[in-house]
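Same chain, two partners: subunit A is paired with subunit B first, then with subunit C.
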Partner chain A sequence: MATPTDRQPPRLDRRQREALLGFLFITPLLLWLVATIVWPLIASIHLSLQDVRIIGTTSEFIGLDNYGRVLGDDRFWGAVGRSGIWIVGNAILQTLLAFSAALALKRRFPGVRVARTWIILSWIVPTVVAVVIWRFLLNASGGGLINPLLITLGLTESGVGFFGSGETAFATLVVINSWRWFPFITVILLAALLRVPSDLYEAASIDGASAAAQFRYITLPLLQPTLFVVGLIGTLLSFNVFDVIWLLTAGGPSSDTTTVPVMIYETAFKQFRLSQAAAMSVITAGLLVAFAAFFVKVAKPKEAF
Partner chain B sequence: MTRWRGSAAQVIVLGLLAIFVLLPFYWVVAGSFRTPEEVIARAAPWFPRSLTLEHYGNLLRQSPFPTYLLNSLIVAFGTMAFTVVVSTLAAYGFYRLRFPGREWLLNATLLAYAFPGVLLIVPMYGMMSTLGLIDSLMSLIVINVTFAAPFAVWMMKAFFQTIPLELEEAAILDGASRFQVLTRIMLPLTAPGVASIAIFAFVMSWTEYMFASILILSDDQRTLPVGLAGIIGQYQIDWGLLLAGATLITLPVVILFAMIGRYFVEGMTAGAVK
Partner chain C sequence: MRIRTPLILGAATAVAVSALSAGTVQAQTELLIWHMEQPPHRVDRIQELLDEFNAANPGIVVRQEPQNWGEIYAKAPAAVAAGNAPDLLFAIPDFAPLLQGIGALQPVDEIVAGLDNAHGFYDAAVEPYAYDGGIWAVPLYNMAISLWYHRPMLEAAGVTPPETWDDWVAAVETLSTDGVHGIGLPANRHLYTDQTTYALMVNAGASELYNDDGTVRFDNPETAAALDFYGRLFAFSPPDAANWTWGEAEACFASQTCAMILQFTVITTYDTQTDGDPADLGVVAIPHAASADGGTISYSNGVMLLTDDPEKRAATEAFLTFLMEPETYGRFLNMEPGLFLPVTETGAEADSFWSDPMAERYRPQIETMLENSQAGRLFGFTSGNIFPSIAAISAQNLIAQATQAVVLDDMAAVEAASEIQERMEDAIR
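So, the complex of A and B:
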């Protein structure tokens, strides 16, 4: 027999209800991410233990053979090395560009609001547009901008083939990618810079601190938490870059610009060795997690102010 | 009146930056209006001698560009709708409600934004083929939301923070549910934020190349970035056509950004600096 009190739903206190609601609100996002990131990752482990070449075909489990093959492949480690150089090159160039831009945009000038918004321009255009822009600008066979300029300045006689040799192609890609990504870093650095209380600088000026000293002892320490986030996310995002490289050099000449993402794509969809590409993906995910853990351990700022 | 206390160094840096960012765009847009001979001329003049719309005409009438455009619009609006719903709900949960594991889940979600898409592309292809979504625009919407939503949640933080908690409490005392608080109070008051994440989702989708190059097989389902890349891949590049295409793809992004850019940049940065 149900008594009136039994029929009432179990009463949750305010905190429990709030927690339940919180979970409810984030559930669609979590389900989405689990279905499109977590599940595929598990699927790729499954795939990496087989010998599937073309999607839809079946294969038996071959254990860790693919892992052995990838780990013993010099070309894979070559790609890992190039990805490392890629990350470092981009980090250096983008840090320089973004810091100069953020410091220049920090102080007011006529039109500063417009400039602070539109600095983002090269980040928001489609990658394929960035590719068209730079292919055209660097074109050696007419129509370009850079080569005629270099010829006029007398720096070269017949124009530079920017994608001709491995080194120049790699360096050119770093510049193009930095052109595309430095605005993203600039905007975040600028926001952090603008939050540094200006009386700190005033006090330092009164005490006779030089601009360099102010930067070193006020700006940098207060920027630490932001630099930590930008360093971590920026490194991962740099590592990710695929389409600029693929569309400009397709990893060439002779795989001199084949970073890990390019190699995975090529292995899976040009050479049709899906299982091997899946093994590469799993190994790479492991390397990135290790990097992230290392970065957090080394660089995580102690709670500043 | 704010007094300009600029230094010479600041002027030089700003000038170089403006050239570095803007000149490439100028050269391409100007090129799209040049005559075919002038486009590929060695040392073309700074300003086109005679303006022509020939390349735009070819693009819209003789190339599959209009089909690509329609596909891109469908995917972008689809991505936008799902992203706005999923991420405003999640942002409200994360930033306004307290529950165990909140910080941890939030950080895990944000890492998804930086997650290398290329690591997903192999299993994603298998997954979409199991679901029968290969060669369908829906597959692109699904994957684009994955990479737009986490950052959109992050962006909403700044906008939600501007709404005083008392306002919510008052509404709840009046008998409103949390969902009503979100849809009737929070979202209308943070309209610029909602617009910002909508545009962010649009831009992400508009730009996406890698998944679209793999998950779409037939020409009439192709999106703009892949379609345009197809023109680059041709043996004889028709530069005029390509430049006109690049200009037209960029146009919607620039227009949207002109409308909402300031809020967008504010929202983008708020998460990083707390």
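So, the complex of A and C:
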């Protein structure tokens, strides 16, 4: 026969209570991750094993056919290659712009507070607005700003068609995308730069270190954790850029600016091959995970981890 | 104070009855229209007509939600799948098969028959929507591309409006001087480039995109000739034309940077954004190759019915009856004067169409457009054949991609036609 004591729930010790509390705190986040990442990924994998053409229609299970088709498609690998060039181009340009801006804004000069605030402007402008602005700036048939400037400076005799060839279109997109994103990186770098203790620079100056040496031996090492995070997140964000490309070139001319996200969109909603697009998405997700793992292994700063 | 029970009951009954009556009065049939006529003045004109209809029909409320042609091919099927599709959706012939193929459309044969009896539809306007045992859209207006030019620029250069390709390229060459481009042609991966390219294909004798058995016949000498000629003309276009849609071409024409463009209309921009005299605005049929008859791209836009609710169907019929009445129809067409052409006999004669101030000023140009539209064709809908698979070709802008290959990537026209033929075959697989 059970006594009243037997019916009482077992008491948790402090460590167990803390573990339970921690679990309760992270449960909403876990549920959110399952709902927004795990479930869509499972749904994509499920979709990629069928032959659904138009959204909302049904299809039979076709196994790995879509994966075979995608992996054997030169156009897909062409898009992967362009995405690689896109990432590198954006990384170089954005890093240069962001570092220059952050180093400049770290200094104290009249108006620096205003500059630190307004630097973010091009990042907060909606993409569509940015595209309209750039379309106007690059206009070569009456109006525009850049072409008249180039002509006035004698750099060209007639207007330049920035989207007239694959190479120039791609380079122009990299510039526009970098213009949009570098302020975001600038703000992060600036925050990190301002955290570097000034006495380190003072001591280095007393020891006769040049500005370049200070940057090489003080600034860069102390920014490494920040650079690592910016490098990883920036690369993934850059890879996934779709709106600027789609609105300005729709992947053209020909397929010269068709990166992987553009190709996935085209395959799903222009070619009406939803399952094939899902297979591309799954493969792409795999490539990105592999890249992230490689990046963490190679680039993670030892002090920070 | 004592309150008697019968009084309370009476009051409660009165409140209940009045609530019920209010419910009856408020019961309305709501219709949501998606259309792709985004410019604000078009949206305003449509709203004006909706307000009139809603005021005259207290039991019906019609609302509009403007959409974008660039995204509607993706958005509409998604909306259908999600169960939040509009009741009515504007269409062009190569868009309708996409939704008809997934069973999202209701046939509108009876509505079309009723409007035909009252107003006399032009057969060419209805035909592209009639297949698979039904009519899948009610035609609303027609559009046709013409060659627009600045008359004073041609006269100053001693050039007459071209009729053949030889005339055309010579005229463009003559007109191309410092700061002026003889012609502005697009090369974007966009519907506009599909249309201008197909307009040249029609004039090269390559209007048929399909063989009678439904196989693609893009890879042929006439198509290659059209692509090659497009490349020759494009060389005189502004350098940023590779990224143009309709708006940039009109802007180039309005600024007199382009002496000629291929466009459905330029009347509104010419009239409102330049000081041009209507008499100086020239329009002719698109020049043709020596070996082919002239023609252009032309097609009717329609409205599709997506709801199977009988009340909404009845409301749709009432709304379209209102819209196609001659006193209303002209005002609807003149949401963009000179762009939208009537698809009914009564509409072509309607005072409401011709009495618009801008239509009055540009009547000769509009009459030329109407004349040009008589020789109109549309890819996938020629020679009495209808190939619904054109939706997949059109959605990918494959014709425009052939043009891009030639004019931007310097690919030989024959090679481009062959490559895009393969892409088209893959698209309809």
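Everything below uses one rule, namely that the second predicted complex is superposed on the first by the 271 of 305 C-alpha atoms of A that agree within 3 Å, B and C clash if a C-alpha of one lies under 4 Å from a C-alpha of the other, contacts with A are read in each partner's own complex, and residues count from 1 in each chain.
The definition used in the following text is that contacts are C-beta pairs under 8 Å (C-beta built on N, C-alpha and C of every residue); 3 or more make two chains touch, one makes a residue touch a chain.
Owing to the predicted nature of the structure, the values given are computational and were not obtained by experimental measurement.
Student: Please determine, from the superposition on subunit A, whether subunit B and subunit C clash or fit.
Tutor: Partners clash after overlay.
Student: Could you look at A:Val298 and tell me whether it touches subunit B, subunit C, both or neither (first, second, both, neither)?
Tutor: Touch status of A:Val298: no partner.
Student: Touching A:Ile206, do we find subunit B (first), subunit C (second), both, or neither?
Tutor: Touch status of A:Ile206: no partner.
Student: For A:Lys270, select first, second, both or neither according to whether it touches subunit B, subunit C, the two together, or no partner.
Tutor: In the superposition, A:Lys270 contacts subunit C only.
Student: Is A:Gly143 touching anything from subunit B or subunit C once the two structures are fitted on A? First, second, both or neither.
Tutor: both
Student: Considering only the touch criterion stated at the top, classify A:Gly166 as touching first (subunit B), second (subunit C), both, or neither.
Tutor: In the superposition, A:Gly166 contacts subunit C only.
Student: Residues of subunit A touched by subunit B versus by subunit C: which partner has the larger set?
Tutor: Of subunit B and subunit C, B contacts more residues of subunit A.
Student: If you stack the two complexes on chain A, which partner ends up touching A:Ser158: first (subunit B), second (subunit C), both, or neither?
Tutor: second
Student: For A:Gly251, is the partner it touches subunit B (first), subunit C (second), both, or none of the two (neither)?
Tutor: A:Gly251 sits against subunit C, while subunit B stays out of touch.
Student: Would you please give the residues of subunit A that touch subunit B in one complex and also touch subunit C in the other complex?
Tutor: In subunit A, positions 55-56, 135, 139, 141-143, 265, 268-269 sit in both the subunit B and subunit C interfaces.
Student: Quick one: in the complex, what on subunit C touches subunit A?
Tutor: 73-74, 77-78, 80-82, 98, 101-102, 181, 184, 187-190, 238-243, 248, 251-252, 255-258, 392, 395-397, 401, 404-405, 408-409, 427
Student: Which stretch or stretches of subunit B touch subunit A in the complex?
Tutor: Per the touch definition, subunit B meets subunit A at residues 2, 4-6, 10, 13-14, 17, 20-25, 27-28, 31, 39-44, 85-87, 89-90, 92-94, 97-100, 102, 105, 109, 112-127, 129, 142-143, 145-146, 149-150, 153, 178, 182, 203, 206-207, 209-210, 214, 224-226, 228-229, 232, 239, 242-243, 245-246, 249-250, 253-254, 257, 261-262, 264-265, 268-270, 272-274.
Student: Which residues of subunit A touch subunit C in the complex?
Tutor: On the subunit A side, the touching residues are 54-57, 135, 138-143, 158-166, 169, 248-254, 256, 265-266, 268-272.
Student: Can you list the subunit A residues touching subunit B in their complex?
Tutor: 15, 18-26, 28-30, 32-33, 36-37, 39-41, 43-44, 47, 55-56, 100-101, 103-105, 107-110, 113, 115-122, 124-129, 131-137, 139, 141-143, 145, 148, 151-152, 179, 183, 187-188, 190-192, 195, 225-226, 229-230, 232-233, 236-237, 239-240, 242-243, 246-247, 260-261, 264-265, 268-269, 274, 277-278, 281, 284-285, 288
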